[in-house]
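Listed after this line are the structures, all set down as structure tokens.
In what comes next, subunit A is part of two complexes: it sits with subunit B in the first one and with subunit C in the second one.
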Partner chain A sequence: MIAATAGRGARNLSRGVVLLPAVIVIVGVVLAPLFALFIGSIIDTQGDQGVLTSRNYVRFFSDPFFLGVLWRTYRVAAIATLICLVIGWPVAYQLSRTAGRARLYLTLVVLVPLLISVVVRVFGWVVILGPQGLLNNTLEALGLIDAPLPLLFSETAVIIGSVHTFLPLMILPIAAALDNIDPSLLRAARNLGAGPRQVFLRVLFPLSMPGVVAGSVITFGLCASAYVIPALLGGSRLKFMSTLIFQYNIVVLDWTFGGALSVILVAITVALVAIYSRLVERLLFRGVFQR
Partner chain B sequence: MSTVEFEHVAKRFGGAVAVKDFTLTIRPGELVTLLGPSGCGKTTTLNLLAGFEYPDAGAIRVDGQSIEALPPHRRDTALVFQGYALFPHLTVAGNVAFGLEIRKRPREEITRRVGEVLELVQLAGLADRYPRQLSGGQQQRVAIARALAIQPRVLLLDEPLSNLDAKLREEMRGEIRALQQKTGITAMYVTHDQEEALSISDRVVVMNAGLIEQVGTPRDIYRAPASPFVANFIGGANLIPVRVCGFHDGEARVVEEDGLEFTVQCATGPDIGASAYLVVRPEHIAVGSDGGGTNTHRVTIDSQVFLGPVSFMSLRLGRQTLRVRTAEAPAAGLRPDEPVYARWHPDQALLIPRAVS
Partner chain C sequence: MSPRAPSDRWGKRSARLLGAFTVAVCIFLISPILVVFLSSLTTVEYVSFPPVGLSLRWYAEVLSNDEFSGSLLVSLRIALMSAAIATSAGVLAAIGIVRLRFPGRDALNSLFLSPLVIPGIVLGAAILQLYARSGVASSSFSLLLAHIAIGMPYVIRLMVGSLTGFDQRLELAAQNLGASPVTAFRRITLPILFPSIAGAAAFSFIISFEDVNLSLFLASPQATTFPVRIFTYMSQESSPIVSAAGSLLVLIVLIVAIVVDRLVGLARAVGK
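This part shows the complex of A and B:
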């Protein structure tokens, strides 16, 4: 009994040692700075005296402009995530059905966007979507439009850029989930009378949910916090939380309000992701996640 | 109750023949087993009936209607899979209801039918469990319930017991047979286990290398194998290559290549000089220390295995090896220094034709 407890203690200890580097990185690089930002945003310095204040948060939540930016950030992130899911799921399905060398090549094709700098990729879209860009020139040459469409510096441009950038991160987890589905389940479904549509709705899609949740959480989180994409494709007037944070910290040098913005972005993103995954795992697809 | 007909069905995979000229009629309410070693084409035949494969030639009819071109979901053939293939994200009730929901049956009917079928397989209390919370035997019952729920025209079973331990296998085998009898459903059962095939079937189809070797009741197959393959595959009979040298009064005299002579009962006289196999079942050979008499030959004991209720012996008779199965412990009453004799009664052996190359 004592030996067993001691053994378990030793095992826990060794597991702790293995995880230590990761814990140090997360605490030191993520949690500590975030905590510092949070403290900075709730303390008002008057002379050498610090006073607790909710000023920065009241300012944010009482100004329709800031609330509008918040709403736009999450709306655009949600739309981009949904589009990634709709485009990515069939690709993931194809990937999971491919074997051997072909699969390697297909995976590489999927991953290519991640291998190119985000700045380069986004500038590519500036070239395509701009007033004298590839798309507008082509449409004009074809006589389909008279004046250039205002494609660049719009939410649409940000959504396009986000989908292009984050699509692989949606595809890979879904493909992994689809790989785990026993092929005989699909045969069983067909044998019981399910046509292709029913097989998808009742078996394939529900069983891909672990991948869908992982992929959409990653995509949504990255979309909401992306900086380069809204900065280049949204322009200077169409603000997002990330570009606003940059502006207050680097341009305005209002670090306490900038800190509050960062804390709000992180807190709401975490909350939304938690609500989403709970909703899917506990209510909508309980059986898939039930262990 | 449905009739299933296969007519000259053939299937190749690339250059390899999987099934060749397969013709068989399964009568309404009959349980027919396809038995054979792996690669004999039995699973392909099942897949052809289920619609997972399409035949290259021939026709498959259920109740007179050609189905060989229909996709699997239009065939009304319910398959019990080897690994059960239960939907992990659905409860037991959800699994059983699956086919009925696809068919858009009314809610009350589905509930009632699921209850009935789970009752039938004695799982009524486990409707809300998930497959992973069940034992192997219980999962097997769910798989059967799911197949029966849709009241298919044909029930297909693909090695359904191979994932169970020996004791449970025997138990489930009886239950599957009882369920099939109770529901009166036409069934096709695929297995490589001869004991399973013999115990469960109305008729057995023995297959080898894509061809039907023999179709018959379990008794026929065992007592009167039509080919050396069947004789050997079912019950591991000893096959001694012989030549017929005489026929008199319902008994043929045959001689083995080293000149050993045997007598065997046969109804019709074979051609004198014809090549044949003398088939002797291991359980029909007696081993003792007294020589003399028909079909009694001196042998040496190669090896012995004691298995409790039965024992196995391997004997050497000239150039032939004989497998023997006895109820006694091996070599009981035999003294090592005494000569040993093997014997069998002429009516317990039989002759089957042998092709000479």
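This part shows the complex of A and C:
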């Protein structure tokens, strides 16, 4: 009995070799560098001795400029996520109600932009929003404006670019959640006298919440850490956490502070996402059981 | 039937409104990409929309420009190599995850998928600091390592899905008929799983070929990938050569994406 178990264990162990290459990649290329980055940001090397330090973090949190960048990063990410939700929900609903060929085409239109490199999409917005861009030229030709509007290199441009880039990631999970709703629930609600607004507020939207939470967590996280969008649509004056990380790692070459910036970005994003999910859970719980 | 009657008109109108809204969002999603493509066909020296004239002049310029054509080759080489390695390691890992029973299996699976949730710029900075700066790896080797790390999770996710759906009795039947476990795997399992493996490989190729966030940190004058080259040109000037290079990037990715869709379904690959 024991021998048999031991034999199976040994066989399992030798079969475990299949996991080895992937483990090496994850440990060597992901975990070790991230760990080193974190350690580098909390250790001060003086000579050949390492001393624990909070210098990099104190520097960040005591400077109003950095705090302003932090606030801008999450404010813009939150606004973009909210807009994605408001625009994405109806599209997801339409997607879940469509069948056949039309559904295939709609899915393609939502999916294909996801596959197109962010550089290309952002360049499209540069061409549209620029001073001699499509939008300004059209408005000028229509006589609506005299001088080009400063659309590019603004928070608005960053928000437009973020919404465009991450909207599919909001639509797909919500559509999946809506697909899972049993149609008889909607019929039951209608038979019990619920109007369209009530069906939406008390059946459809609450039941789509798993998709809404998944979509907004992905969108918010990616918005907060996106680099290309703020770098090209925000311009060099408008700093975001991601552009600071690039600047300190590549231009200023202050690696320990660059590491601290990365740690702060990840830690705060994770914390905000956790608070958000908890909050939604509690609201849902109350909404479902107190009425 | 009667309870539905009062809301029917409301329902029809709102359905039409929803349809119009969806069309508007689709136009919003597609227009920037269309603008890039159309502006690449211009004959003049500046980006204009609609394009002036119609020509493929700027595509020829991209291919004859040493910086663009050089980095296109760098990108293709890194994407092919990283896809091959990520697929081999990922397929093996997926087999282990699906077929072996051991404590911490789910945790290991999440660990394998973790690069999907780590911001690209953070991972880029981390790899830069540990490998490229310490001189352990050259710029192009650290690019390769980084691209393996971001491609592999997609392979594992896709393959865990296909392997879970695979009927293992086929393999057992082959073994009953006298095939060794390795032969049974090679002659039965692999051919059946081949479309999924090819799809996963093609998808990890796309991930590598399009990556900007990691590559921006790891690229050097000797090894700059195609999207990074487009990025640096873009931040300096908006010339039609950028439109043409961007369209070329899209074209290559779309061709590979069609292959992915045929083999595993695009929606599954993207992670719906």
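What we mean here is this: the second predicted complex is superposed on the first by the 250 of 291 C-alpha atoms of A that agree within 3 Å, B and C clash if a C-alpha of one lies under 4 Å from a C-alpha of the other, contacts with A are read in each partner's own complex, and residues count from 1 in each chain.
The rule we apply is simple: a residue touches a chain if its C-beta (ideal position, glycine included) is under 8 Å from a C-beta of that chain, and two chains touch if they have at least 3 such contacts.
Computed from a predicted structure; not experimentally measured.
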item	value
Touching partner for A:P206 - first (subunit B), second (subunit C), both, neither	first
Per-residue touch tally on subunit A - higher for subunit B or for subunit C	C
Touching partner for A:L185 - first (subunit B), second (subunit C), both, neither	first
Partner chain in contact with A:V228 - subunit B first, subunit C second, else both or neither	second
Which superposed partner A:G259 touches (first subunit B, second subunit C, both, neither)	second
First (subunit B), second (subunit C), both or neither touched by A:G195	both
Set of subunit A residues, in rising order, touched by both subunit B and subunit C	190-191, 193, 195
List of subunit A residues in touch with subunit C within their complex	12, 15-16, 18-19, 21-23, 25-26, 28-30, 32-34, 36-37, 40, 87, 90-91, 93-95, 106-128, 130, 132-134, 137, 164, 167-168, 172-173, 176, 190-191, 193, 195-196, 221-222, 224-225, 227-228, 231-232, 242, 245-246, 249-250, 255, 258-259, 262, 265-266, 269
Residues of subunit B defined as touching subunit A within the complex	50-52, 71-74, 76-79, 81, 83, 85-91, 94, 98-99, 101-103, 130, 132, 146-147, 150
Complex contact set, residues of subunit A against subunit B	182, 184-185, 187-195, 198, 202-203, 206-207, 285, 287-288, 290-291
Subunit A partner contacts - residues on subunit C that touch it in the complex	3-4, 7, 10-11, 14, 18-19, 21-22, 25-26, 28-36, 39, 47-49, 86, 88-90, 92-93, 95-97, 99-102, 108, 111-112, 114-115, 117-123, 125-131, 133, 145-146, 148-149, 152, 156, 206, 210, 212-213, 216-217, 227, 230-231, 234-235, 238, 242-243, 246-247, 249-250, 253-254, 257, 266-267, 270, 272
